[in-house]
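We call the chains A, B, C and D, going by the order they appear; numbering starts again at 1 in every chain.
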Amino acid sequence: MLKSKFQTTELIEVLTKGIGVYETLRTYNDKPFAVKEHYNRLCKSLSYLKIDPPSFKEFENLVYENLSERIRIVYAYSNKLVSYVFRETAEDMNAGYIKIDFTNVRRADPWSIPPDLKSLGRPDIYLARLTKGDNYDVIMLGNKGQVCEGTFSNVFIIKQRKIITPSLESGILDGITRMYVMNFLKEKGYTIEERFVEPYELFECDEVFLTHTSRGIVPVNQIGDIQTRSYELSKKLSEEFEGYIKCLL
Amino acid sequence: MLKSKFQTTELIEVLTKGIGVYETLRTYNDKPFAVKEHYNRLCKSLSYLKIDPPSFKEFENLVYENLSERIRIVYAYSNKLVSYVFRETAEDMNAGYIKIDFTNVRRADPWSIPPDLKSLGRPDIYLARLTKGDNYDVIMLGNKGQVCEGTFSNVFIIKQRKIITPSLESGILDGITRMYVMNFLKEKGYTIEERFVEPYELFECDEVFLTHTSRGIVPVNQIGDIQTRSYELSKKLSEEFEGYIKCLL
Amino acid sequence: MLKSKFQTTELIEVLTKGIGVYETLRTYNDKPFAVKEHYNRLCKSLSYLKIDPPSFKEFENLVYENLSERIRIVYAYSNKLVSYVFRETAEDMNAGYIKIDFTNVRRADPWSIPPDLKSLGRPDIYLARLTKGDNYDVIMLGNKGQVCEGTFSNVFIIKQRKIITPSLESGILDGITRMYVMNFLKEKGYTIEERFVEPYELFECDEVFLTHTSRGIVPVNQIGDIQTRSYELSKKLSEEFEGYIKCLL
Amino acid sequence: MLKSKFQTTELIEVLTKGIGVYETLRTYNDKPFAVKEHYNRLCKSLSYLKIDPPSFKEFENLVYENLSERIRIVYAYSNKLVSYVFRETAEDMNAGYIKIDFTNVRRADPWSIPPDLKSLGRPDIYLARLTKGDNYDVIMLGNKGQVCEGTFSNVFIIKQRKIITPSLESGILDGITRMYVMNFLKEKGYTIEERFVEPYELFECDEVFLTHTSRGIVPVNQIGDIQTRSYELSKKLSEEFEGYIKCLL
């Protein structure tokens, strides 16, 4: 389902010769979630590209005129800025059993592509997705081998009740759900460590969970062919987080 | 000028959700140049993406049906492969005086994006172009600071009649003009060194030239605010290369 | 136990102002093992430092005049080359249960220090050793996070009867025992893969073993706090390798 | 000229099996300069190695008992800490014309060796010195190609009256003279930028100078085979800094 005020031929030229950035929003009970945060992140993406952003009003209108389970808003630019909106259903990724793995495709270095430039057609992320196989998501490492993030999710580990996640300096996208999850955990009294995380720490810990817009907190059951030790706390946190988010709306 | 056998709405979805690769060909005297080499490189790009390539016949037809000074062929993929062709004029970049500079945007690491995956909307290259200012092109370094290439050109330096250019292992695109230039230089009896090149070598050498599809060999007069020592040999080679290419057709 | 033809004050100046390289040899039944290979590697170390090596005869004499379970030969240089020999006992590292872990100290990059320059007082290796705790050895990663080697051992993994070990290009020392083990395994009909190894592969494989001069093949029972799946094949290979080495003498 | 309270054989074992750190101090008019700063840096070096430092009193005594133009204090450790002092003359490096160049040997990465661990026999620095030829010093780059420092000096550039020098985050030693020079320049009203510096900036600037303990500020006349545009301001600053330092004693 497409909607645009612009000529399609125009968009084709723009997408082929220029560059596109995007944001994907969730709605809960027909209310869009974190519109302002998504707008701010879009502005950040556009600022790297030296493109003047739309006004917040304009962005908000696009969201409300296209309410759906997931709303994907694309801005493409080549001399002029054009917008496109995709109304999407929130695919049910509710696989009971979550298996992830590492991918050999590395996330592009921040010196090459700022981690919070959310642009269309990023080849590193596309190539990583091709290696997914039957995994829910695959974890990308950074240029020094540090854990970065999944192709659409952020990673957390639980180690002796401390909760550890790659810092922004690791070269990751400043995930909006990641931030809400960290606020939620802090309110619950957990200690959060944002720092460089080594891949082997995912094996040498108690639990692993992912976070992403569509599903909040996702407990991980298996990494490669190794089962995680537990996922009980992650499961409990996942349920509590659902309630927490709904209260915020 | 667009031409496509496909629905435009289709292409929009494809470009927004999928990925696009492309090749740009030159014609000389209405004959397209190096069609087979461009086809092979396109196949290489698609193979990284695990997409079946079109047949050579199909590619060749697209070229011949769209003859123009420059022909830009785009293949976009998201579940299906669609093609798009742009007929372009060869902009006259015949600036008498060529100034280049280094950019602080680094080329994405080969572990992240294969250097010979020629995809649309690569943010590193887009960001580098934004720093061009009044330069003809800017030189991107790799993740170790080695010289890679310009945003649309390859770099060569002349040092005591030896001709030196970054090796493919430096993380550069396997430029088709680069290859023709190297063959030409070898035939002329020059010694070519393909190796890691440090940025300061561009200052500590005799001459610097760029190569790219549209203009062949381009002598460089200035790097940053430093004039090159000479450009006489580059200028001579540039003229001889024009003749060399025309003989190949 | 020290032995030297040189003044000690001289050596102090040399070690303080210059640089030292070394080799450590084993004897089996009073016969020194792989003298020529150790000599060649010493010459390689010295060649990086642009120091003329001693003759093979001289090196061999030092070995035979100092026969002991382990012979450590140091060459130090600052204007002149002086040698020093330590006669050592082969410490019994025959811990029944072998636990290893990863260290956060990275091995110096080959662009900084050639991996086969075996010099005294390398701070990266010294710092890694400080993190050993109760581990038999700790595994150092390279500058991209790839598995390199232990502080005194090389690493191998067994995955579906294929035997995999970091390639020299990973930035490792060309271990003499590593080479003998690979020859031995090839003779036994195993497939050996020398390539970049990711840290998580040590968890997602069947067995892990180390190799080093003093003990040959050492099966690993535990990595961090995770037990390896098996160590049966490694144990069998370890015993067979003992016999193989003795036959070579 | 050596002086030690310890057995020489002991030190030989220590230097061969352990690790050594050092500091080199200058005296002006028979007064040692920056003793406390050197002591603090020594403590930093030892703390990386988990070695308890000597007391400040003990360090100070070593300095005063060995007063000379340059005092080199070595602490070596292998089970026990032993000290050694070399009394040196300040070699006259007053070459009228200062030529420097870049070296292809990269400084070890901070993930491998902390930049402020000042240890004996660092192979990267030793190898870099081997490439010096007739240069006063050679500039080492870091693992991303950023400018770090010389093998015994720090680098500054002057660009439109702003003074720029690699930040500590570039992976450099926290030079004591570097710090005094920056304080001096700030007091004189100059703007100092500490940041990542690219090698080509040494060519695209007005002046370049080095700083090191023995000579303070050293104006650079030539980089590789390119003369610097000017060295007038550096020369003036060099003279003023001499006076500034003497006032501090």
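Everything that follows uses one rule, which is that contacts are C-beta pairs under 8 Å (C-beta built on N, C-alpha and C of every residue); 3 or more make two chains touch, one makes a residue touch a chain.
Since the structure is predicted, the reported quantities are computational estimates derived from the model, not experimental observations.
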Residue numbers at the chain A-chain B contact, same meaning over half shared and different meaning under half, come out as same
Per the C-alpha centroid definition, the whole-Å distance linking chain B and chain C comes out as 45
Per the C-alpha centroid definition, the whole-Å distance linking chain A and chain B comes out as 33
Chain C touches at least 2 other chains through residues 106, 111, 143-144
Contact graph of the chains (line, ring, star, complete, other): ring
Checked against the stated definition, the touching pairs are A-B, A-C, B-D, C-D
Listed in rising order, chain C residues that touch chain D in their complex are 2, 8-9, 11-13, 15-20, 22, 48-50, 72, 74, 84, 86, 105-109, 111-113, 117, 119-124, 126-127, 130, 143
So, in the complex, the side of chain B touching chain D is made of residues 102, 104, 106, 141, 143-146, 198-200, 202-204, 223-226
